[in-house]
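Chain lettering (A, B, C, D and E) follows the sequence in which the chains are written, and residue indices restart at 1 in each chain.
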Amino acid sequence: MQVNENKEFQPLIVAFCCNWCSYAGADLSGTNRLNYPTNVKIIRVPCSCRVNPMFILRAFQKGADGVILCGCHPGDCHYTSGNYFTRRRMTLLFSMLDFLGIERDRTRVEWVSAAEGAKFAATMNEFTEAVKKLGPNRRLEDLRCRKQ
Amino acid sequence: MLKISLENLGRLFDAVSEKQTLYIPTDREDGAAEYRKYENGMKLSRNLNTLRSAKDFFFPQTENLADFKMEGKKIEVIDIREESEDFVVFGVRACDARSFTILDKVFLSEPVDSYYKNRRDHGTIVTMACSKPAETCFCGTFGIDPTAPEGDAACWSDGESVFFKANNEKGQAFIDSVAYLLEDGDTTKLDEVNAKTKEILGKLPLANLSTEAFGGDTLMEHFRSEKWAELSESCLGCGTCTFVCPTCQCYDIKDFNTGHGIKRFRCWDSCMYSDFTKMAHGNIRNSQLERFRQRFMHKLVYFPSNNNGEFGCVGCGRCLSKCPISMNIVKVMKALEVK
Amino acid sequence: MQRIGVFVCHCGTNIAATVDVKAVAEALSHEPGVVISQEYQYMCSEAGQNLVKDAIKEYGLTGVVVCSCSPRMHENTFRKAASSAGLNPYLVEIANIREQCSWIHKDIATATEKAVILGKAAIAKVHLNTPLTAGESPVAKRALVIGGGIAGIQTALDIAEAGFEVDIVEKEATIGGKMAQIDKTFPTLDCAACILTPKMVEASQNEKITIHSYSEVSAVKGFVGNFTATIKKKKRFVDETKCTGCGLCTEACPMKKVPNAFNLGLDNRSAIYIPFAQAVPKVATIDPNYCLKLRKGDVNDKVCGKCAEACTVGAINYHQQDEYIEQKYGAIVVATGFNPIKLDKYDEFAYNQCPDVVTSLELERLMNAAGPNGGTLLRPSDKTHPHKIVFVQCVGSRCDDSKGKPYCSKICCMYTAKHAMLIREKYPDTEVYVFYIDVRTPGKNFDEFYRRAVEQYNVHYIKGMVGKVTPKADGTIDVQASDLLSNEQLHIDADMVVLATAIEPDKTARPLATMLTTQMDTNDFFTEAHAKLRPVESATAGIFLSGACQGPKDIPETVAQASAAASKAIGLLVKDSITCNPCVAHSNELMCNGCSACEKVCPYGAITYQDKEFRMPDRTTAIRRVAGVNPAVCQGCGACTVACPSGAMDLNGFSNSQIMAEVDAICK
Amino acid sequence: MNNNLKEQVIRSSGVNVLKCMRCGKCSGTCPSYDEMEYHPHQFVYMVEKGDIETLMKSESIYKCLTCFACVERCPRNVEPAKVVEAVRLAAIRKQGNNHLIADNIPEMLDEDLPQQAIVTAFRKYTK
Amino acid sequence: MQEAIISKAKQLLADGTVNRVIGWKKGEFAYDITPAIFESAEEIDADFVYDDFTSANVSKYLVKESKKEGKILAFLKPCDTYSLNQLTKEHRVNRENIYVVGIPSDGKLDAEKIKAKGITGITGVEKDGDTLKINTIYGEETMPVAEAMSNKCLSCKSRKHVTYDELIGEDGEVITSDRFDMVEKLENMTSQERYDFWRNELSKCIRCNACRNVCPACTCENCVFNNPDSGVENKAAADSFEENMFHIIRAFHVAGRCTDCGECSRVCPQNIPLHLLNRKFIKDINSLYGEYQAGADTTSKAPLNDYTQDDCEASIVHERGVE
């Protein structure tokens, strides 16, 4: 994350992707050579339900400007019900972040199947743009981690 | 005695804050008093004491000690210490003023804590006498006179004016710096106020609380007392008492990985916490009883035993009003007193 | 101290064209713990793998990071390579710099920068990897088949054929299920009983198969290879071991006005009964709701007792109680089948008002030689020959959720064609009308069959739906319907109306699914593990699906799936033990609160609780309720790790600290 | 094909005509069937095609009894009667005239007339 | 009421139903009540108190106490019974070892609120109808009772005891309260206003952990904030992020489990309205997943351990209220 006078703000986006659908979807968008920004860095988890709210906060603490969570479509979870729990947990977490005045567009959940390479790329493009608009994460940042 | 009228006190604050940072107790919207950096127009709190003590200015809750820069496999230590700027803490009560005597004994004896010393050297404490003690006050127990507060300089209010007196050179320098705002004043009314305060002090519910049963030579007797079990059973193990206490001085040192380096910092610790003094092998105080006992033994027995009878409590009463379950040093003292 | 090896793959030009692989290898060589960082043309080639293996040996590596294609491609390749060089395979991490970097980015500088970050994240993770060993768990060499219809029978026969013990649990008094009630089968028109009953007999005579009829599964515990089921044998008041099925008791029974469930209530039977002539086991059962003695409440009372008197072998036992059997199984096959839906909601078809409006299954019985009319098609109301019969398709199927079942019941088009044909064949003077929305005949010889009904048997197929059925005073039935092709509203004066009733999963399936921790869809059909690639397995390991419990099916499809489920079960049963995925959850008992949050979110029932004695930090001992994960059942989703507030639950291979290390490395 | 009209009919009826599976049960159940030139299922289909002017010109729109038998029995919850009603409404509005003028209302008022009727009539019969 | 409770306690001790009693012990002043365990009639006669200041919720002590030898008698106010039920549901207490006597509460007073009026030197507090008479060493002061009422009691949700073995007095009803008003008010603010509001509040936090340690839902064997391996451990908030982090995770970990007993806000030495965070979750759960009251029963699935296939998507957060 840098803000240079002549350089556009480049947000850091952390994407948690479930192994079975979204990570495969991300692979597919690679196979199909569908571009999305380098800002997005993917972390593979077995299921979206593995993502602890602490991981999301940790990402913001260490310098992420946006965090997106991708999982199988509801009903398609490899583990049958994991993403349903994800949905409730993240709805409440995001609502709380919103309640604390943290910008809503910094967090997102998107369901991307293994076949939706195009959707994955489009989602990442869209999300990166949205976070870019918000500018650097200031409201949920750990000042100690800010890069000089 | 030099004085300034109450309505002109703001001018004095303005004058001081022009040259250095000034902290005064001021009221929050919820009615509690807290120290804030003075800005023009800020009103001095009429409350007896602040929620957090003046300790915070010299021994802050978290403080960075050193930085480590990491590049690949290389580590570089960076000394981040800087000379502190001068500052004034105004309106410190007699009890809190005494707390610095206690803290100094810990931090300024060898090996000197350079972080604390830096702030002590640059900070001026201007104390203020009390005139309306609360039921939770028991500074008298520790020989503190709230109408004659210590500190670099002291001040008194008779309801119309504020009178100033220096207790040392630093205090004198403070008074000199604002002398042009002060005038000589008659202390007759002030003497009356002080006399009346002293009368009230005698009537306080805790006026008769005594330290007689405590001190260094009572160590084993109190340590082995059976009362601790009962006293500590309701303790929640939170750190409220320690964090509002003006004399608690325990801290922990930790490293924080910022991603581009390590910040080594210290932060207050509380003997009430389950991981207090936890070490590589485990914890030497595993039960809440032991940790609870530690706090009060430290203040009433260990500290005086190591410091010529000086107790580690100043009777400010903060823990009395803030403990979630109202267990406190007074109840402990009273329970242990009974043979 | 960790000794990590980094291996950056060019993948020909796939990676190297957009990522400066040399720079990546160079940058990563400076990371803490990295002792060797190399790049190579094709890391997955034998030469590339040897590079990794040699480095493991030469440098005594404790961790390997391969920057290459997606781990979904070659994670296993490199794990195997590591393993063969003596490094635990789970100490290998892959940084995906092809699919998620070189292939999607164009600018070499930024792509290289990203590849380095991805590499650093993998290094950060591998620092915290721990060697994992796949556990093994023994397999009980016995299968449980729940449901004794054609699906269950076929599955059981196939498993028994492979040499394994099989138990069939059937809730009715006989096995056979729906197929036993069917008259003829499409598209061959052979008699259902002629092909089913030999199979029933075969099942009963197979030494490996135990049939528990009139029984239910009341509890299932355990996991793949190691299930324990409790089977409740309901009291039938007849000793199965003694009863010869002679039928004397049924004749002696004075209570003859019991609606005959086998004939769908179209005629009556006695209170003690054998469902039908070829029932297996051919054992009598007393219906306590109708038995004069049992209905009384006091079996010692001197009421009736005619059946006991008639029985020559003393099989009648009015004191019989439910019996519970506990048995261990390695695999469970669900074959709970289907039922036609209740038609109470569809007043317009007058099913409840007029006895001559029947369901298709009822028509099967009416036409069956063993049915109420001995095989002659007669109207239930006045036992006369119907001369005009109207068939209505899609009754309750293909409906909006509020109106019925949203799915196509699949079998109706074909059996209606069959019915129409059989009627026209046997009673050429009968006019047959079929009102259809679509005729769906995908299947071998299916469309030919339907065309025969139209062309050869002159069945009137009318595109349109019946709107209203009104019984008239003269005993005929007015059928008001639209003929969409001629755009007119028709009124047919019918003698009988046959409703192609939607089918739904058996009501016992839902509680069973809960017991088995398997998933169901909103229609209560069991959900298969994968819609295309694992159609006969449930998502729960060791539980297989057979027949219509998984979705509407005809007989050949059911039998095909039954055999497929059997082969999957056999594939499991032939193993002495199963290897478990080592990336499973585990609970730190010292931190566990025993609160059950993890258990509630576990889709597999892998978590159980135990009261255990602990030595506490304050040197006391305490008994605490703590969670334990069965590694054979856990599939490693990690739902429990987030449900756990204390963080006692963690996941091997994707631990809290590993994921956070990745986050940290990426955000650096 | 008149997309505006189609949109209007679909909006005012609240019906999703695409849910129709062409079973004809609506027409099979319709008591006014013989009176109608276009039948309930045709209404749904023709609205889907956008052929609404034909329907508006047809007497059929006045033959529907609004008995809702079709709504009740439609397996897909398409609600053909609402479509018929929407076309009827479109026709009434289309005729270009306000069939009800505010000024004329007082003389039509009688004590037993519910307020609701006036409001509804106004909505139905004015442009 | 106090007499009735004391005589009940002595009776149950005497007849051997229980061997200990958990209740409240009087303190040095009129208001500083401490939860305590009594083992004999003499101890009870000497120190047991139940008055306007006995607001401490004693359920959490039962986590430890119920595992000891013998049965313990617990006097629980309606709100306390919800906490106990929740603990029972999560197997944190051994309910068979607790004899619960439900006692009524018409709201407790908060000494801090009296002191906030500038009243000091308090030697006695007495209710006189709607007026509170406060004796101080500086003379008598009065204030309306309502203004001294504890915040948690002002937004009381229920006067019903959801679990008890015996009741003293009549049981009350679940009542409708305005407890979500402030949450709603915040929801209707702009994002910036909310941010400023919470920065102002949370920056006061001294991380004393009183909110966590008093909370009957926070009974973890080892809290993540104490566990160096959890990745979020810290003792004091070094900056605004850690203040947020602590309070988000604290509230999240009790989401769907918090009974809204209000103890967190009561004990906060900095008067931070922490209950608003918990109530935000409760309000969200109620509106998104159906009304749910933690502790109302011991069998229902907690909302976060449950789901339906047609739950709303997380994007609902983007669609609601004020940006």
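Here is the rule we go by: contacts are C-beta pairs under 8 Å (C-beta built on N, C-alpha and C of every residue); 3 or more make two chains touch, one makes a residue touch a chain.
No experiment lies behind these values; they were computed from the predicted model shown.
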Can you list every chain in contact with both chain B and chain E? A, C
Topological distance between chain C and chain D, in contact steps: 1
For the pairs A-E and A-B, output the one whose chains share more C-beta pairs in contact. A-E
Which chain lies the greatest distance away from chain B when centres are computed from Cα atoms alone? D
Which chain has its C-alpha centroid farthest away from the centroid of chain E? D
Can you work out the whole-Å distance between the CA centroids of chain D and chain E? 60
Taking each chain's centre as the mean of its CA atoms, how far is chain C from chain E in angstrom? 47
Taking each chain's centre as the mean of its CA atoms, how far is chain A from chain C in angstrom? 35
Mind pulling the residue numbers of chain B that touch at least two other chains? 256, 259-260
Chain A: positions in contact with at least two other chains: 53-54, 58, 62-63, 81, 85, 89, 142, 144-145
Would you please write down the residue numbers of chain E that are in contact with two or more other chains? 224, 230-231, 238, 304-306, 309
Using the contact rule from the top, write out all pairs of chains that touch. A-B, A-C, A-E, B-C, B-E, C-D, C-E
Complex contact set, residues of chain E against chain A: 183, 186-187, 191-199, 224, 230-232, 238-242, 244-245, 248-249, 251-252, 255, 277, 280-281, 284-285, 288-289, 303-309, 311-318, 321, 323
Applying the document's contact rule, which stretches of chain E touch chain B when the two form their complex? 27-29, 31-37, 56, 61, 111-112, 115-118, 120-123, 136-138, 206-210, 212-214, 226, 234-238, 263, 266-267, 269-271
Using the touch rule from the top, collect the residues of chain A that touch chain C in their complex. 12, 14, 19, 23-24, 26-31, 33-36, 38, 41-47, 49-55, 58-59, 62-64, 78-82, 85, 89, 121, 145
Spell out the residues on chain D that touch chain C in their complex, using ranges where they run on. 19, 21-30, 33-34, 39, 41-42, 69, 73-77
Touching residues (chain side chain A, partner chain E) in the complex: 53-54, 57-58, 60-61, 74-75, 81, 84-85, 87-105, 108-109, 139-144
